[in-house]
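What follows is a pair of complexes built around subunit A, which joins subunit B in one and subunit C in the other.
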Partner chain A sequence: MHLLLYVLRRIIQLIPTLLFIALVVFLLVHLLPGDPASAMLGDRALTADVNRINHDLGLDRPLPVQFLLFLRNLAHGDLGRSIQLHESVLSLIAQRLPVTMLLTAMSALIAVALALPLAFLAALRRDREADILIRGTFQVGLSMPVFYIGLLLLTFFGAYLRWFPVGGYGDTFAGHLYHLFLPALTLALSLSAVLMRNLRQAILQVIGAEYVDFARAKGLPARLVLFRHVLRNALISTVTLFGLQIGTLLGGAVVTETVFAIPGAGRLMIESIYGRDYPVVQGTTLCLAVVVSLTFLLTDLAQVALDPRLSR
Partner chain B sequence: MKMTFTGAFAAALMLSAAQPSLAVERGGTLVYGRYADSLFLDPVLNDANVDIWVLSNLYDTLLLPTDDGQGVQPGLATKWAVSADGKTVTLQLRPGAKFSNGRAITPDDVVWSLERAANPKEGIWNFLISSIDKVVADGADGVKIMLKHPDPAILQALTVFNTAVMPKAEFEAEPGTTDEAKAREFAKAPIGSGPFVLKDWVHGQSMTLVRNPYYWAEGSDGKPLPYLDSVVFKVVPDDATRILQLQSGGLDGAEFIPYARVQELKKMSGINMELYPSTRVEFVTLNVRDEVNGKPNPLANPEVRQALNYATNKQAIIQIVTHGVGSPMSSFMSSATPLHAGKGELFPYDLAKAKALMAKAGYAKGFSVPLLVLAGNQDELSIGTLLQQMWGQVGVKLELQQVDNATRTDAYRKGAFSMRLSAWTDDIADPSEITSYFAYSPTIQALHSGWKNDTVDKLFVESQSQTDAAKRKEEYAKIQEIFNATGPTVPLYQTPYPVALRKDVHGFVQIPLGNNIFRAAWVSKKASN
Partner chain C sequence: MTGGLSLEVTNLSTTFETPLGAVTAVDGVSFDVRPGEVLGLVGESGSGKSVTLRSLIGLIHPPGKVSGRVIWNGQDLLSLPSGRLARVRGGEIAMIFQEPMTALNPVLTVGLQIEENLRAHTALDRGQRRARAVELFDLVGIPDAKRRLENYPHQFSGGMRQRVMIAIALASNPRLLLADEPTTALDVTIQDQILKLILSLRDELGMGVVLVTHDLGVVAATCDRVAVMYAGRIVETGTVVDIFDGPRHAYTRGLLSSVPRGGAERAPLLAIEGTPPALSALPPGCAFGPRCSFATDACRDARPGLLTIAPDRQVACLHHDAVAANRGQVA
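Right after this comes the complex of A and B.
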């Protein structure tokens, strides 16, 4: 019951946050130089055509009126129509957001799968060859730009070894997983480096704590000490970091989706910003904000699960 | 009547001339990698090259551009004639021509399509056929186009995408109350009479076109075109990934190969690196108004503009930016544009002359000026950096301002820019379009530069209804001479379209106007990788 109230409170808190984000995004896109008609028609646009299109789109109305209309439609679950793609924003997001979510989820899974065991290994072999090798390798991964790692992986595993497709998304769910493996790995490499370093440090701190010594002295088996006492406590800060990094992961997806030719929400957003497609920029930003906020909520819940004192 | 008849025989001759000498193989799929997806497949309401360059595969026009982009050949019309006064065009429709749903194309469809395309309230391309006054059916198999004034470019205009023939009844049966709403629905599953039909479109990912069984043209084997069963467009925005997919067999062709990779792909076995002649020109646009953003503007002085032109080492830019793929310009319009006039490179590099001109103009010590460069565009950034160094020699301090396209277009349209990098590609096989934007001031104040030359304006107006071909050629020669000498640009280079195809792809062509023509493309099954 206590937990349920906590979740409810957090969800209610989300509403003003999202309204604020809606206002900021609305103002930002409308204050950018240029307008949809100019962006669409390009350099050859005649003023009469630009004015006609902007009038048809209702963009010649005062900004507050446009914002109120946007809010009214939002309250009815209507995010408007794409100016460039002539499709409803909701249906565009329904097509594109799951792609980005799947990519992000796969990256997160791969990152955790890489970071957890390697952080343990590095911590337990502190300053020995294994630790130096793991930290060194991840340092390289961390310092390389995402698009470059992506191209390296594509060239080697895609074009040279032909183990994976060179970009694209596939047609079936299995095909999606197969196509998304390399891009997910690309994104996961930098995230796992961050997680690994953080977790290794946390393990080293916890491992020297008195309660761990006590557990050992009590005669608990080493494995139990490690998982029940060391890992559980070391994970708290890493879970926070992980939650915060999901936003970064979504940001990285924008670049990765371009390099790997994946039709996701990140690419949709970038193309819409360039095209000043206001409804799509607003819609995707809002949806991504919801995703990030929900991730934060899940992160907090995970922390509560690890340390129940936090829910009080 | 001055008759210009072209019969089926000539059509067959042209088509067969365009074919490769190899025996064609039918069937199969060609997968083509594009840098961006299409947006709106309506011939009249579209506004971007990503649509324009593929529309001709779905919709047919009365006449077709020739592969060299200079002339016209039969399309849905087999014969045509322009009256002696130049004010009436009579066209005979191809007997038995059908839309992709099997319905016969009628003169009513043509009348409706052309009137929709010419409507000033519809889209942005109506200016290309603004001379059309009225279109009427001419018997059961012909149409008559009445013009407000003689239009020497009217036949070329009838090859342009916006004049595509669409099925009136099917379009009007679409849901929606406005033309745009109907067009939106219609464009989801367009019915045209081009060689292909849209079968499937996953936005941002791929588009599948399958052969139109009712397409009229015959291939070199005497059977109907197209040879291919289907064409798949895959959207691969990243240049390096597009090339990797081509190399690994995921694509049969890839457009917009970066110039830096052209030589490498030329040497690669299994790949044909094609450089199709194009009308694309790259140049710097200079604002020539006395004041820009409230400050005095040195570029208003023609001598300063000439000095910048002489101080620009175009050959060096061509080598560094286009890796030798480009060539110098001899006029503001490309050498592939009809009626291009000009010999030799414009303003060959001459630093001494440039310095002398700057001194003569009273700017011996130079000045500072900003140049708008497209953020993230490597070619533009390289050109900007090179110009910074080159113009630094005559004292001009160039400040590169990196902005996105919409920001730049905004400043451009408002005339609130000093300099910007620009590129242009023709949409019609006629010099009128480029000239109206570059030189004829009433259109967009000569590239929004504020440049105005009364002689050029007068010559352009005359040329627009000039029926004497020799006189029109002279008018264009004079316009180019004036603009090239005093105009508001620094011409940099012209470039072909770099397209890489696997060796087993044949018969594909990208014409100088940019259209990707797949109707005679075929893939040999015995791949020679």
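Right after this comes the complex of A and C.
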């Protein structure tokens, strides 16, 4: 009951945040030089044509009026229609967002699967060869930009070894997973480096804690001491970091989708920015903001679940 | 008291590799603990008391190295494989720590923290473990045991947490309790309760106790025998009466004269001059030499070994007769 009220309160708090995001995005897209008509008609368009199209789209009205109209439609669950694609923004997002979510979820999974055992190994072999090798490798991974890693993987595993497709999304669910593997790995590498470093540090901190010695003094099997007393406590900070990184991951997905030609929300956003497709830019940004905010909420809930000292 | 097991420690040394060279925190310490006996391990901070205790049951982290022999129940704990050592730890030899605030896992209920001990050392089933946990909470004086088992450590006061820790340590009826300054972090009134609790459990369960403390008042009130440590070595051992009535090491004498005694006639409180030496830079000869008013050239030549001067009475001082005769001034 207590928890339910908390969740409800957090969701209500989301509303002003989203309104603010809507305003910022609205201003940003309108501050961009150019407009949808010029983008559609190209450099040699006649001013009269441009003006006519902009008038038809209602883009010649004052900005505050346009923003209020946008909000009024939003309140009715209407995100408008795409200028370029002539489809409702909502249905575009419904097609594209799941792709991005799958990509993000896959890379989050890969990142955790890489970081967890390696952090453990590095911490337990602190300052020995394994630790130095693991940390060194991740340091390199962390210092390279996502799109560059993506291109490297694409060239090697896609073009050279031909183990994975170099782009596209596939038609079946298995096909999706297959097509998304390389891009997900690309995204996962930098996240796993961040998680690995954090978790290794946390494990080293916890391993020297008195309660871990006390657990040993109780005669618990080493495995139980490691998992129940060390890892359980070390994970608290890493889970928080993980939740906060989901936003970064989504940002990375935008770039990765472009590199790997994946029809996700990220690429939709980039294309609509080029085309000055205002409704689509605003709609996708808002949806991604909702997703990120919900992950933050889940992160906070996970933290309370992991650390009873917080649930007061 | 039942015929229990004794612990025999011979030549225990614990060394830590540091960037500045090896530091010997515990240097050739030997003592024994008999069943039902309370042995006090006394000394200033950094004298090696806690490290000694942790070395006994393999709680020294690398790069620390422990050597010597710790004989318990016919086996040397220092060379026991980790699985068998785990069975001794918590089952036969339990340990309680100084800081009840940090020694309990903050994210697990205290009930679970008791139960995992029972699970490791007994064949009790879930329901029986629960019942035993309630019984233990009653034993150490935590009211409303059933409900409190569901609580987390932060929901207890300091004194109550120390009781929780004792309950956890005693869960599997250990034969020996290693207590590392169990009352230092507590209020004086709570201190007294906890010590009384440990003593009554000693009587009830017939277990031996090693009580590490820097508080001579605690020693006088609880211990049967005392071992005084200085700079990683035992410098004097004896019964509480012998040590308090006639210290034969200048350091012990200094410790005793720096304790205020209630009810005695007013006398100036004497402090031991100087500070304990750094373990990485021990003076040649007797480590206490530079702070000792009895010291002569002979003290600087070689570190004096422990001499047995009477049954249960040892001292590592060339001038122990002079100290006993109370000549010279306490430094």
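Note that in this section the second predicted complex is superposed on the first by the 312 of 312 C-alpha atoms of A that agree within 3 Å, B and C clash if a C-alpha of one lies under 4 Å from a C-alpha of the other, contacts with A are read in each partner's own complex, and residues count from 1 in each chain.
Note that in this section a residue touches a chain if its C-beta (ideal position, glycine included) is under 8 Å from a C-beta of that chain, and two chains touch if they have at least 3 such contacts.
It should be emphasised that the depicted structure is a prediction, and the values quoted were computed from it without experimental measurement.
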item: Which superposed partner A:G77 touches (first subunit B, second subunit C, both, neither); value: neither
item: Contacts of A:P62 with subunit B and subunit C, given as first, second, both or neither; value: neither
item: Partner, of subunit C and subunit B, that touches more residues belonging to subunit A; value: B
item: Partner chain in contact with A:R228 - subunit B first, subunit C second, else both or neither; value: second
item: In the complex, subunit C residues that touch subunit A; value: 54, 57, 59, 61, 82-83, 86-91, 94-95, 97, 99, 102-109, 116-117, 120-121, 152, 154, 165, 168-169
item: Sites on subunit A touched by subunit C in the complex; value: 208-211, 213-222, 224, 228-229, 232-233, 236, 306-309
item: Complex contacts: residues of subunit B adjacent to subunit A; value: 36, 39-40, 47-48, 121, 124, 127, 184, 187, 202-205, 234-238, 240-241, 244-245, 247-248, 250, 403-407, 409-413, 422, 437, 443-444
item: Contact set on subunit A toward subunit B in their complex; value: 32-35, 38-47, 49-50, 52, 84-87, 92, 95-96, 147, 151, 154-155, 158-159, 162, 165-169, 258-261, 263, 267-268, 271, 273-276
